[in-house]
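Right, one structure below, let's go through it.
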Amino acid sequence: MNFEWLGRQFDNIVFLLGWHVLLAVTPLILGLLIALPLGWWAHRSRRIYPFLVGVAGLLYTVPSLALFVLLPVILGTKILDPLNIVAALTIYTVALLVRVVADALDSVPQDTVQAAKAMGYRAYQSLLKVELPVGVPVISAGLRVAAVSNVSLVSVAALLGIPQLGSLFTQGFQLRFFTPIIAGIVLCVVLAMILDGLIILLNRWLTPWTPKVVAS
Amino acid sequence: MKKYLTGFTLAAVAAITLSACGGDPMSTANNNSQASSGDSIIVGSADFPESQLIAKIYAEALKSQGVEVAEKPSIGSREVTIPALKDGSIDLMPEYGGALLQYLDAETKAVSSEEVAAELATKIPSGLTLLTASEAEDKDVLAVKKETAEKYNLKTISDLEPVAKELVLGGPPEWKTRVNGVAGLKSVYNLEFKEFSALDAGGPLTLNALLSGQVQVADLFSTDPALSENNLVALEDSKNLFLSENIVPVINEKKSSSTVKDTLNKVSAALTTEDLIEMNGRVAKFEDIGEIAKEWLQSKNLA
Amino acid sequence: MINYLFDPAHWSGADGIPTLIGEHLIYSLIALAIAAVIAVPLGIYIGVTGKGVFMIAGLANALRALPSVGLLILLVLLISPAFPSKMGYILPSLIVLVLLAVPPILTNTYAGVRAVDAAAVDAARGMGFRTMKILTDVQLPCSLPLMLSGVRSALLQIISTATIAAYISLGGLGRLLIDGKAQNDYSQMVAGAVLVALLALFFDQLLAFITRRVVSPGLTRRTVKATLPSGEVIPSETAKTPTAV
């Protein structure tokens, strides 16, 4: 490792890291916001469930480099627009979470729902205050998978020339220089671990009633 | 259920297919124009080391003349840099005459430095202007290993004619279709190689393939220190297939004050191809670009 | 895009679409085979003995976080100087693909073996089955659906990731994406993207079909749920990991 080089490139690396975080986290939040109502819908309707889950599975099979290239056609964006990356990863996040949200809501014990009803909760109150909170652990398990894979998927966009940590890979390759490549890999993995940890913390904070077992 | 899914897939594929016939996301129409403010000049560069080095030289030269400078290095390929110049995200960047001209007009017939400069002057987007081009250039060269050159007695590209059928040519993927690539080698030099191998633009893949013998003839760049380091022979382009690639500053007209013009013209006048080879060699050893730029300016009494 | 896909000139020759699809499949299937040879026995071993369970969840997550492009480039710089041929690029690509494919097969095989109803194993033992026979006649057939779902997501991962091999000058459908980008030819890129997506879809459906055919009818009526060591429950379908690349 050439630490002198890293020191000189510090500003540039921070810039790339910033973009990487933005490109990985925005789709996570957007995806969750879209997946919640869709998942609820799938949970409510036995007929819509297989359709939504099937479409999600199909979207999932589209390789990301392909999706990055195809989205400009649909969105009318330029090929180098970072929006394509955000949109593509949002699609993957939704595809993953729709099923997870539906299954999370399904997993809420019928007794619990009945109890809420008996306490006078209306349907929406029961959903927001009882069913969703009880489903949080399952949803956050799905969110962790999405977060970690988003971080890795963003770096693929370097092949198209969209700046983020993956640019360190192509740059290092041009110079036959290990330092940027290793720095990029380490930062990607650390970023994924931090996001993963944040979701675990968020999960614990949202579900204070669960026993404090360290989830791996 | 399955019917729905199959239908959905087909519909999606059809939609993409149809809409693909419309706009081209790789075209570079300019939609948002916000000019950079104030007197400071934003110097940008493309995503490869030599461009960053020359941009650094521009920036340091301007700073030493008291011009306020901001830098945006490594912003990407021309698909990004040219729109960025047009919308004022950057004001100045180093360009290569021939490659820029081809980007602006893929059908161009210009080859020599003079032809390229003359055509560029008419094709440059409004709002942008070109300063005086440097004599230094970084153009495509066909390179072979010394052994190959000796074996077949190769000095110019024309000398390849009798042996091309036995040799594999390596170059960037765009060479497959470009006039100044495989097509031009056939029409201008009557060369038909055994095979063309799509590698990268004068980068590690091409160099590696040439040195290891996967290809025998490779497209490299004239300022690449690897040419002399590896005893490679650059074949002379006697029929002028490859465009001249003189280094030229492209600048936003509004920022092109007389101080700025004078400074950059002096830099262009002092810069030589040999300087670039030497400095690229230092960049390849991971020396600091800023230091290299400052030392060069001092050696030419420009800072 | 229509033009590119339906131009007969693009359907023949050394860089024609059939050749590219062929190359893509060769890389993919070799990588899948290697990954299966590593992951299936290991998964069975861990599932049956319960040894090394702790490393499974960690390994799967850590490998998922590894950026494949970075890993590929790193391996190329490390390995290619030792080989004066295409092997210097093929080997790194295969390693990356295998690394991506091992976790889904491993976790699902393990989870599949674990998820086998303990009563079924007890019953088999009561009938006098030996440990090996229990494994081959009870545990493996029962864990087949989950195992195959692991293979399915591994193959998807591989097919999508194989596109990046073109960046380091190898063949496969990624060539259309990389060459299209270099030639400023968007229709070529779209053609490549559509073909990769269709290839992935085709193999996904093919494996789904195979799964339905080979899984014992006694199992198909029930949904298999598996519990990972971390305690998170993964229904067999979501055990798919997202397609990298």
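Letters A, B and C mark the chains in the order given here, with residues in each chain numbered from 1 onward.
Criterion: contacts are C-beta pairs under 8 Å (C-beta built on N, C-alpha and C of every residue); 3 or more make two chains touch, one makes a residue touch a chain.
Fair warning: this is a prediction, and the values are worked out from it, not measured in the lab.
J.: Please give the pair of chains with the highest number of C-beta contact pairs.
T.: Chains A-C share more contact pairs than any other pair.
J.: Report the chain whose mean Cα position is at the greatest distance from that of chain A.
T.: For chain A, the chain whose C-alpha mean is farthest off is B.
J.: Between chain A and chain C, what distance separates the C-alpha centroids? Give it in angstrom.
T.: Here chain A and chain C have centroids separated by 21 Å.
J.: Counting only Cα atoms for the centres, state how far chain A is from chain B in Å.
T.: Inter-chain centre distance comes to 37 Å.
J.: When the C-alpha atoms of chain B and chain C are each averaged to a single point, how far apart are the two points in Å?
T.: 39
J.: For chain B, jot down the residues that touch at least 2 other chains.
T.: 9, 16, 20, 25-26, 79
J.: Check each residue of chain C and list the ones that touch at least two other chains.
T.: In chain C, residues 178, 181, 186, 190, 194, 201 touch at least two other chains, as defined above.
J.: For chain A, what residues touch not just one other chain but two or more?
T.: 58, 70, 72-73, 79, 161, 170, 173, 176, in rising order.
J.: List the residues on chain A that touch chain C in their complex, please.
T.: Going by the criterion above, the answer is residues 53, 57-58, 60-67, 69-70, 72-73, 79, 92, 96, 99-100, 103, 107, 137-138, 141-142, 145-146, 148-149, 151-153, 155-156, 158-161, 165-166, 168-170, 172-173, 176, 178, 181-182, 184-185, 188-189, 192-193, 196, 213, 215-216.
J.: In their complex, what parts of chain C are in touch with chain A?
T.: 54, 57-58, 61-62, 64-71, 73-74, 76-77, 156, 159-161, 163-164, 167, 174, 177-178, 181, 186, 189-190, 192-194, 196-197, 200-201, 204, 229-233, 235, 237-238, 240-245
J.: What residues on chain A touch chain B, complex-wise?
T.: Within the complex, chain A touches chain B at residues 2, 5, 8, 12, 50-51, 54-55, 58, 70, 72-74, 76-80, 161, 163, 167, 170-171, 173-177, 179.
J.: Touching residues of chain C toward chain B in the complex: what are they?
T.: For chain C paired with chain B, touching residues are 1-2, 14-15, 80, 83-86, 88, 168-169, 175, 178-179, 181-187, 190, 194, 198, 201.
J.: Across the complex, what residues on chain B touch chain A?
T.: Listed in rising order, the residues of chain B that touch chain A are 1, 4-5, 8-9, 15-16, 19-20, 23, 25-26, 28, 47-49, 73-77, 79-80, 203-204, 283-284, 286, 288, 290.
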